[in-house]
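Going by the order they are written in, the chains are A, B, C and D; count residues from 1 in each one.
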Amino acid sequence: MLTLLRDLRNLRRSIALPAAASTGSLAIRHVDCGSCNGCEHELTLVSSPVVDMARYGLGIVASPRHADVLLVTGPVTTRMHAALLTA
Amino acid sequence: MNTHHGSGSAYGEGIAAALADGWRFASLHATTKDEGRMVRTLLSSKDGDLRIESVTAAPDSVPTIVDLCPAAGWDEREAHDLYGVGFDGHEPLRPLIDHDVALEQFATPVQGHDAYQVAVGPIHAGVIESGHFRFHVVGDLILHVDARLFYKHRGLERAAEGLALNDALGVVARSCSGCWASNAVAYAHACEGVLGLAAPPELARSRTILLELERVWNTLNDISAICAGVGLAAGTSRFAALVDDARRLNQRLTGHRFLFGSVAVGGSTLDVDASAISDARETLARIRSESSRAWKALLFNGSFIDRMPDIGIVDAATASTLGTVGTAARAAGVVEDLRTTSPRLAYDDFEVAVLRRQTGDVQARLEQRALELLPCLDILDRLLDGPVRPVASVRAEEGASIGVGRVESPRGATTCIVERDGDRVGRVRLRTGSYANWPAVAHAAAGNLLPDFPLINKSFELCYACVDR
Amino acid sequence: MTVLVISGLLGIAVGGLLCLHADSLAAGFITQTVGALALGAAGLSALVSGETWGASFTSELTPHAGIDGLTGVFLLTLALVACPALVFASSYVAKTRRGRLTGVLTAAFLLSLIGVLCARDALSFLFLWELMTLVPAAIILAGPATESARRTVFTYVAITHLGGAGTWIALLLLAHEGAIGNSTALSEGSSVQAVIAVAAIIGFGTKAGLMPMHVWLPRAHPIAPAPISALMSGVMVAVAAYGLVRVLVDWIGTAPSWIGATVLILGGLSALGGITYALFQNDLKRLLAYSTVEHLGIVALGLGACLLLRQHGADAWAAFALGAALLHTVNHSVFKALLFLGAGTFERATGGLELDRLGGLLRRMPWSGGAFLIGCLAIAGMPLLNGFTSEWLTLQALLHVPAYAGVWDGALGAVALAALAGTMALAVLCFVKVIGLVLLGPTRRTGVADAVEPPPAMRGALVALAGACFVLGTIPGLLFPLLVGLAPWPLTGDVPSRPGLDLPGTGTLPTVGLLVVVGGLGALLWIARGSRRAAPSPSWACGQRVESPLLWSSAGFTKPLRLVLEAVLRPEREIETTTLGGVVQHVSYEGRVPHLIDVHLYRPVSAGALVAASWARRLQSGRLGTYVGYLIALVVVLLVAVRVGAIG
Amino acid sequence: MTSQSASVAVTQIAGGLALSPLLIGVTQQAKARLQGRRGAGPLQPYRELRRLWGKSGVDVEGTTFVYRLAPVIVAAAMGAAILLVPIATGAPRLGVGQDALVLAGLLALSRLAVCIAAWDTSNGFALQGASRDLTLSVFVEAALVLSLAVAALVAGTTDLSGVIAGTAGGHLWTTPALALGGVAFALVIVAETGRQPVDNPDTHLELTMIYEGPVLEYAGRDQAYLQWALAARHWVVLVLAAQVFLPHPVGTWWQLALLPVSLGLLCIALAVTETVLAKMRILLVPRLIGVGAAVALLGIVTWLVETA
């Protein structure tokens, strides 16, 4: 496990991320309305060490009631239309 | 490829006889012809031979084959919902794509005083594609799961109809970016089958590189997802970073992180020069060493390993019955991999990686993935021995009205069937590894605990997008 | 005090007679209420002033009656339960022949309960004890006489009498040794002391519903009419606790520590077992009956701690433990009566008490529902209400067992402490389930949607009991020193008499301070939150509509616990998936939690006993005359036996 | 009230009310660093509270006052708990006493409030979380009471100020009972704060939630109260761990001076376990906590044998 933590530390040092310009707090709720899955794969990586969206105070939350932003991906299929409106 | 056209009982008997001879179900779809609606069943043998059994709906139903091979269940439900074909003997024929129906029609009835339902999706917490699972539970115990997908049904197959063969590739392959290369190559193979084109070695090499590049990032992504499923943050972060490395490599080699635009019907335009090749070899070597180091760290983490065994079991018999494919089937002991029978691709002497304990549980699926990563990097290492140049297919035989392409995607066998309508697409059917495996996920979940379901689901790591199309 | 006692007894008797007539049925119940009130006042004055009334205890076999402090506590408890229950009954009991009979028998039941508490000699005690056992059986049989009710009554009478033999043996032996009212008559560690202790634990423990003698209780309590259930679960078990306290604390002198350990073990078993089986019930009254087993277990824990601490010379802490047990008896009676009366209200309003088929009653019946909610919070041991105060005291008492009682008894005390902590958490789980399924969420049955508030008398009784839960939770410190003072050994140092609980030498439970802080902070936060709210929206189900198949069931909520305790509880479950023609047709599920003590202890015994004693079936005749005849015959036989010297 | 006790009181109230979100922030930041990320900084929880404070609340259709009262009760109960848990020897009583067992009652009250609110909304995931939480609490409560009992027996009182004084100095090293109690209390901390291996505060998957489930239906200030209450829960159990089960010096000023260091170390310890440990199977968690209770019991027996 220590090797893993060491690798992660080196990773953090090697990726020169710019410091966040202004940190705030924003809660995001993701709704997939018929994307090609690319958005989801990339969104998953956004919270990885490489991009680390958390440093901007961005977070994905568990309930639409907690969210400030609905992040809709895809062209909104007919079947997702009703569900999107509920959210 | 043999094509039989039977009517009524002859169709069923033909399939029964073929299945008895060791043929396996590969795909079933409905299509509209001048003579009426037709149903076509694709069967495959262990050696990669294919045959199609067709039957005309008279007037609007055909005999079911779900009693012969339950793997055809979803295909028949889809054919009914999209083409209105009835299947005699498939009772009850629950709707699959049709969402305008009451709950009682798609959900399996569960009797018992204490049982009730937990509905998850289509909108999930976290970043997950849209799909709905109706768990029949008592507390945390799952009795049965009804998966209701097709929330992302975009009608891509219908959209491809009438397009020129090469134009439709973009539409069909775009059904999913996680399996873009697999879908694109399967489609290209099907079209080339229709056109009577064969792949010269350079083309096979170029496409194999793409397929394996896709497999690398997907495998890393799957391991990362399983770490996330059990909340092992260190593992999730480590493998997520490696996924990003792999996708950046895709970008440098093909101009797109998901390899979009790197496959075409009847040839390849992929152009990679020597410096990019050496960069790729370097990156892949780094991914190899870093991922094996991280994997070893995972194996030594007791809390992580303890989560894996004995949950989400799909045994070999069930896997065969349900038509499970890919790593999920191999982890259960069904040693099948289309890479052993892919003459159009450059998998010389490919041998399937066989796991020591093929228990078909989450642990087996995870280990099978990790096991397959290294051969996959080996193949890339072998193939990336020089620049990749654009190349065209060569004409080899007469064209046909139906072409089939089958490719081993990161999630299992992906089958694409193209029926031509002149020089355009008449009907295209894409049946991906995810499509074949979803029934196994539902089966694996029953009898387990609700909080283990995300982990079971992630151990299959199926796409919704290429199922829904 | 004489005036109070006599007017009280008269009131109940006259009230009972008034019930004979349909027109004066309600008046009869009210008169009984006044009588119970007077006796409660007598009990309170005996407790507060420390005076006694009437005779003191005697080992003679001639009738004597009297009231002392301990009797006073239980008379007070009786009044706290009986007054609201009788007012409730005045509206609840229908003016039918059956109702009139219930009214009369209720008075008889009350008189027998009071009689047991006031009896000062062994024979009247035993006579009234038997009466107290049989009258509820008669009341149940006076109700709709179904086959299952008759069988239940048979179980009830059979088991309480089998166990009741213990009471007889204990009392008669005590009288024989001259130990009634004299704690120096028995020498420590003598065999007769051991026999008396075991007999008393079996006799009174059966009546109190201590595990494993409890099996009759969850069957009998629920089928009686609500006010009688309240009296049975609120008072009758308390009277059994009274018997235990009398014998084990007052009379048998210094008890060897195995007696205390036994009581502690039985208490822990009952507490944990009672609440665990309560959790898996799907019928509200049955659930409440199991929870009675739990709470008498908690009382026994306090009593066991008292005996152990006394044995090891920690007199002050022994007295605190006794006070804890007594306070918990009072508290339990109050909230259990509230919950049983509440259950009666709901049953009347909705026509059934199956937990999975109620729901949303807090909206339909705000007053009764609100009172029931407070009862549930109290029984779940929430701070600010009465349940927590006595459970806190019991925890303190158990915590101090290791501090004083040596290695073995100390370790036992620590285990009991853990058991009580677990019990309290299980009670939270159990009553969260009850609150949720009964009071909250959507209504789950058409009949429930039409429920309306009951008449004012019933509503008032519930609200009064809820108020009592609140008051007893705020000022337990005024009552507790009086209860501690009932310990028959001399005490050095006093428990300060202030609203909160303040035990010398350890932590405090400042009830008023907590009330002010939590209430004040809550009010502050409520105001700070303001009223800016968006329009209500449906609850979130991942983009799906919320439909009735998504509603949680009682078994579902407790399933995680059932899975965790699988090795202990041995639940039975069957999942069957039917596949036909390659398509899953349906799935069926069957799950049960068998009652282990029933299955492994009583069923074999009762099967054998039933075969051997087939004549006992005559007991099932269901006619009151048979019971009375049986009772009289029994008493006569025993009297003769005592005279001849065959017993005692 | 002497100047010392007055300043302790001020620190206790201000620290508990205002600094408790910092504990979560520090833990999150430490986790981010351990996972190779930069993180949003330890002040992020305050930003979240500010954001939530500005949002309006939402009611769920068909709910009663129980739903609206629950966040208030939870926050008020935790507020009382902050007043109750002394941060050093000789902290003044602030009206609610300092009894260890009353603390257990307040924790149970806040747990019950969210769980009945879950029934009020009838949200399946809320109930799922509630049923798991309450099942777990059976074992957590036993472990909590037993581990506090160890300390109370060593100190001879359940008054927490007395307990802190009684366990100060070299006690931890000379009393094995206290060390065993500490082990049990460590498990209680993990369970009460909802951290791995018990629960995972980072992945928001409906099916695996324990503590997050019941709060799914709250928004705006209600949610702010609940988040603050979670932070206060961290404060209460971590302060207890630092001042009872970790080595702490004799003397109020020393204890106060060392408190930030101990709290920081505990937060980092939480972050490390959460990074390197996977979440346990849900049915094993009660067993783990049950083993913790058994260890505390062993602690009591050790103490009994020692003092016999």
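In this text, a residue touches a chain if its C-beta (ideal position, glycine included) is under 8 Å from a C-beta of that chain, and two chains touch if they have at least 3 such contacts.
Computed from a predicted structure; not experimentally measured.
Nearest to the global CA centroid, when each chain is reduced to the mean of its CA atoms, is chain D. Mean C-alpha position of subunit B lies 62 Å from that of subunit C.
Each chain gets a centre from the mean of its Cα atoms; for subunit A and subunit B, those two points are 26 Å apart. Here the CA centre of subunit B is 46 Å from the CA centre of subunit D.
Note: centroid distance subunit A to subunit D, computed from Cα atoms, is 29 Å. Those residues of subunit D in touch with two or more other chains are numbered 34-37, 58, 124-125, 131-132, 204, 206, 216-217, 219, 275-276, 282-283. Annotation for subunit B: residues 118-120, 122-126, 139-140, 234, 236-238, 241, 301, 449 touch two or more other chains. Residue positions of subunit C with contacts to 2 or more other chains are 538, 540-544, 550-552, 556-560, 563. A complete topology is adopted by the chain contact network, contact being made between every pair of chains.
Remark: subunit B residues 118-120, 124-126, 139-140, 227-234, 236-238, 241, 301, 303-304, 306-307, 449-454 touch subunit D in the complex. Residues 538, 540, 542-544 of subunit C are the ones touching subunit A in the complex.
The touching residues of subunit D, counted against subunit C in their complex, run 56-64, 66, 69, 71-73, 75-77, 79-80, 83, 94-102, 104-106, 108-109, 111-112, 115-116, 118-127, 130-132, 134-135, 137-142, 144-146, 149, 152-153, 156-160, 206, 216-217, 219-222, 225, 282-283, 286-287, 293, 297, 300-301, 303-305, 308. Those residues of subunit B that touch subunit A in the shared complex are 99, 122-123, 125-130, 150-154, 174-178, 221, 225, 234-238, 240-241, 243-244, 247, 257-258, 290, 293-294, 296-298, 300-301, 463-466, 468.
If you check the complex, the residues on subunit D that touch subunit A are 32-41, 44, 47-48, 50-51, 55, 58, 204, 206, 209, 212, 216-219, 223, 275-276.
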